[in-house]
Amino acid sequence: MWLICDPVLVNGVACKNPGSVKASDFHFRGLHMMANTTNPLGSGVTPVTVTQLPGLNTFGISMARIDYAPWGINPPHTHPRATEILVVLEGSLEVGFVTSNIENRHISKVLHKGDVFVFPVNLIHYQKNAGKTNAVAIVALSSQNPGVIPVANAVFGSNPDISNDVLAKAFQTSDDVISNIRFKF
Amino acid sequence: MWLICDPVLVNGVACKNPGSVKASDFHFRGLHMMANTTNPLGSGVTPVTVTQLPGLNTFGISMARIDYAPWGINPPHTHPRATEILVVLEGSLEVGFVTSNIENRHISKVLHKGDVFVFPVNLIHYQKNAGKTNAVAIVALSSQNPGVIPVANAVFGSNPDISNDVLAKAFQTSDDVISNIRFKF
Amino acid sequence: MWLICDPVLVNGVACKNPGSVKASDFHFRGLHMMANTTNPLGSGVTPVTVTQLPGLNTFGISMARIDYAPWGINPPHTHPRATEILVVLEGSLEVGFVTSNIENRHISKVLHKGDVFVFPVNLIHYQKNAGKTNAVAIVALSSQNPGVIPVANAVFGSNPDISNDVLAKAFQTSDDVISNIRFKF
Amino acid sequence: MWLICDPVLVNGVACKNPGSVKASDFHFRGLHMMANTTNPLGSGVTPVTVTQLPGLNTFGISMARIDYAPWGINPPHTHPRATEILVVLEGSLEVGFVTSNIENRHISKVLHKGDVFVFPVNLIHYQKNAGKTNAVAIVALSSQNPGVIPVANAVFGSNPDISNDVLAKAFQTSDDVISNIRFKF
Amino acid sequence: MWLICDPVLVNGVACKNPGSVKASDFHFRGLHMMANTTNPLGSGVTPVTVTQLPGLNTFGISMARIDYAPWGINPPHTHPRATEILVVLEGSLEVGFVTSNIENRHISKVLHKGDVFVFPVNLIHYQKNAGKTNAVAIVALSSQNPGVIPVANAVFGSNPDISNDVLAKAFQTSDDVISNIRFKF
Amino acid sequence: MWLICDPVLVNGVACKNPGSVKASDFHFRGLHMMANTTNPLGSGVTPVTVTQLPGLNTFGISMARIDYAPWGINPPHTHPRATEILVVLEGSLEVGFVTSNIENRHISKVLHKGDVFVFPVNLIHYQKNAGKTNAVAIVALSSQNPGVIPVANAVFGSNPDISNDVLAKAFQTSDDVISNIRFKF
């Protein structure tokens, strides 16, 4: 609010003179609408970060709605700049995260309507719809620009490829398995 | 997660050895339940901060559900340590905040289901149920311990009182008016 | 000092090439002069923040002189980005702040020449000249741009108004009382 | 240095009275010695973090030596709390990192003796010995406690397992492939 | 204020339950009194940091009064954790600081009553009474625990000594000159 | 990586769109080469900071190689924005730092190949080649722009001079000694 820097960018986003901000700068519409979940993962995310709501810039918070088709997943990923807190609005979710090396403990829980869960900053985490009906969650993240690194996409779907021998050694499998997995991305 | 300090406190809250955290440390139950709104303000808050969910400690985020009876208000207040982002789940809300001196601009908006709004850190803000039905919002705050300072309570309901002459001069009114307002707190 | 960004703004203020800074960039003149206190509050503030002294930018500190006519007050206000430390140069002051909800404890003290007092970040605080002579204080704040939110102005003097029914409910009083107070702002 | 908190822990590590620190508190011995690289990955890390050198606590920096057997790899991993800067002392390395979603760009380079490379905080990165001789690197990290999350171990080697159906969907492969990969961890 | 950690230490200082703080926790008495300046430097400092006023802990600010006998100096020093802002209450001061390598620019100014000057964090700076009468300044620092490193004492008066050959080379002078200077410390 | 601000500067350095970064933005060549040490100090530094490697911007880390001729020194200096961690690659070094006032403790150690040592942020420190052969160290610093203040240059070699009487009083010596030392700078 106290940034007087238009037309200069802060964190890559234009900021406005506090004397000229309008209510619409702090407003986003549409989080009541279900996202499209007809994809291989069976989930869809509607983000409300600084990209969608520029007034969030410098405020260290953002929000998103996640929709899950029956048995859909939000696959293992990290947010490089945010802890996440999630509340279940509809349905049931199996959620989990993995602690850092060398323990790699898998902390997981089945959540129901009204349940809240926390995914600590930078840890790999996921959610899975644990039921036959759609599920809906609202999440908040401790950055206006949390970022997302889906592990499978980053490792097997990067552009250009990470070479097969690196991945074969890392995953302790054969070049063929790596090539097969990569083929889908 | 990486705090190994039990039984010592960090930020006044016990932290745990990452080797012994359990899923329940990151879990809170009950945000699907309506809070009691039969009070003079016509609103009720169910907080999920580090007090209710110790696993939030050091993570810079928290959540709350706010229920509003018809025409109920969440009165003008500040959060000394957090920006707030709000999404309307049910009903309609009139919301607003006031920018700092010397402009004291009142930025306000009527929100409907699915609308998101941002209240910048430390600015005085409020919400009011703008309709005849109950309203529900989920908010997230950029601190695990955001704090709340309801302006009316801090100024007129402090313990002990701020002296009448200070308030009469500040509000440019008479001692009698100050005494009358204070009487309710 | 190490910002090489002219003519770009940082925090909304021009910063300079360290190779071209001059002593005048770090210098402000006039804190020995009494401010005008012939106003309804009986006080006047001479700020030395990044607005008056651009060389303060990014340094996290600022200063001000406050003058108080006999019985004058610096009314209840918050600084959204700073803790304040005050030293009394002349006269006596009654000072206080209120802790956050739900305690709303009023911590106060009468100060004399040479006394120092601390107002924690974001808490509502005030000073009142407790004597028949002028009083003078020097304060320092933990931000180059501390901001100020005078509670009465923000709530009753915002532009446009916060609606009467919100304030009447918040202050648990009638529309008439709210209108009367607002009239002065 | 200015922490006077023994026997209390800060960040989970005992800190000392600055009046009683000794040179040995700031000293670590042995970074000239090659680590064991006879393992499936063909690499070995000798860390100098707050665990090995408690005097680093609160200082935001650490160091490590990495040894690589011919064709050995340091597999794709993230540091949840640090950027990394690497200098090649001996041999040649192929190094790379992947930018965040949705671009997932793979930025890579072949490095020789004396080359320096930067791996931005939280991005998945790796190194591979690109030659027939041993390679040696010194790295520094922007945290005294950077942490490490090896992607393959966290996803396929967590304890307990992440369920097969989550991983099969995330990696768009079959349960059998997942089970086979997991078997090695 | 919101630290609930007694009897644990934060930053090496006991913190208190906000429910039990008293006004005296935020109060210091005596900054109207002149410090003793009958010493070789002809100056005296009365600090109000977290050591004298524990309520400053975590607040990022402190204050001090400096008295100068005629021609007295506050010798070249750094504050490892704070920028300093100074206001002259009585007399005249010649003040200066030196920018970092490789320019080593000396920025200086003669100040009179009411003048304010800023010394950027960590730069070597000094003040000298430029007149025949006592001078008085109030300074504020952007840390509750700013620290002070007087260059001459650290280099020539350390315990034990830095060896003569290091200092002779650094100051490009002879062992004898170094020994003579050291003798006074 | 997530700064989208070209052609605007952040911290005085151009930043790039993450969509257009190239491997060369994160790459520096030449740390295997010995610096010139034929100077009065007998040492030479090859820095890899944001000046040499712009991709370091905002990452809070940098690196340098230091070469020492036999008996050469890296003279007493501070880094105003960084802690330093050093590893000896070749030879032996005597290293030390001095704690802040009023103790001014000199913490020192003789280091050999493979030894690591830490110099806490802002404290005056030095290294000296303790042997008859060249010595080499790699250091990392906890800032992309650590800065350096060589004490002797800042105090005796500033431009313009700090006046002789200030330095004579500070070092408790005569004007002549000050003039003689200053003559070399």
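Just a few scattered comments:
Going in written order, the chains are labelled A, B, C, D, E and F, and every chain counts its residues from 1.
Heads up, the rule we're going with is that a residue touches a chain if its C-beta (ideal position, glycine included) is under 8 Å from a C-beta of that chain, and two chains touch if they have at least 3 such contacts.
Predicted, not measured: the structure shown is a model, and the values here were computed from it.
When each chain is reduced to the average of its Cα atoms, A sits farthest from chain E.
With centres computed as the average of Cα coordinates, no chain lies farther from chain C than D. For the pair chain A and chain C, the distance between mean C-alpha positions equals 41 Å.
Centre-to-centre, using mean CA coordinates, chain A is 24 Å away from chain D. Each of residues 2, 8, 81, 100, 103, 105, 108, 121, 123, 147 in chain B touches at least two other chains. Contact residues of chain E toward chain F in the complex are 40-42, 71, 73, 75-78, 80-81, 94, 96, 98, 100-101, 103-106, 108, 121-124, 126, 128, 147-163, 165-167, 169-173, 177, 180-181, 184-185.
Of all residues in chain D, those touching chain F in their complex are 1-2, 18-19, 21-24, 26-33, 48, 53, 55-56, 59-63, 82-85, 87, 89, 99-100, 103, 105, 107-109, 111, 113-121, 123, 138, 140-142.
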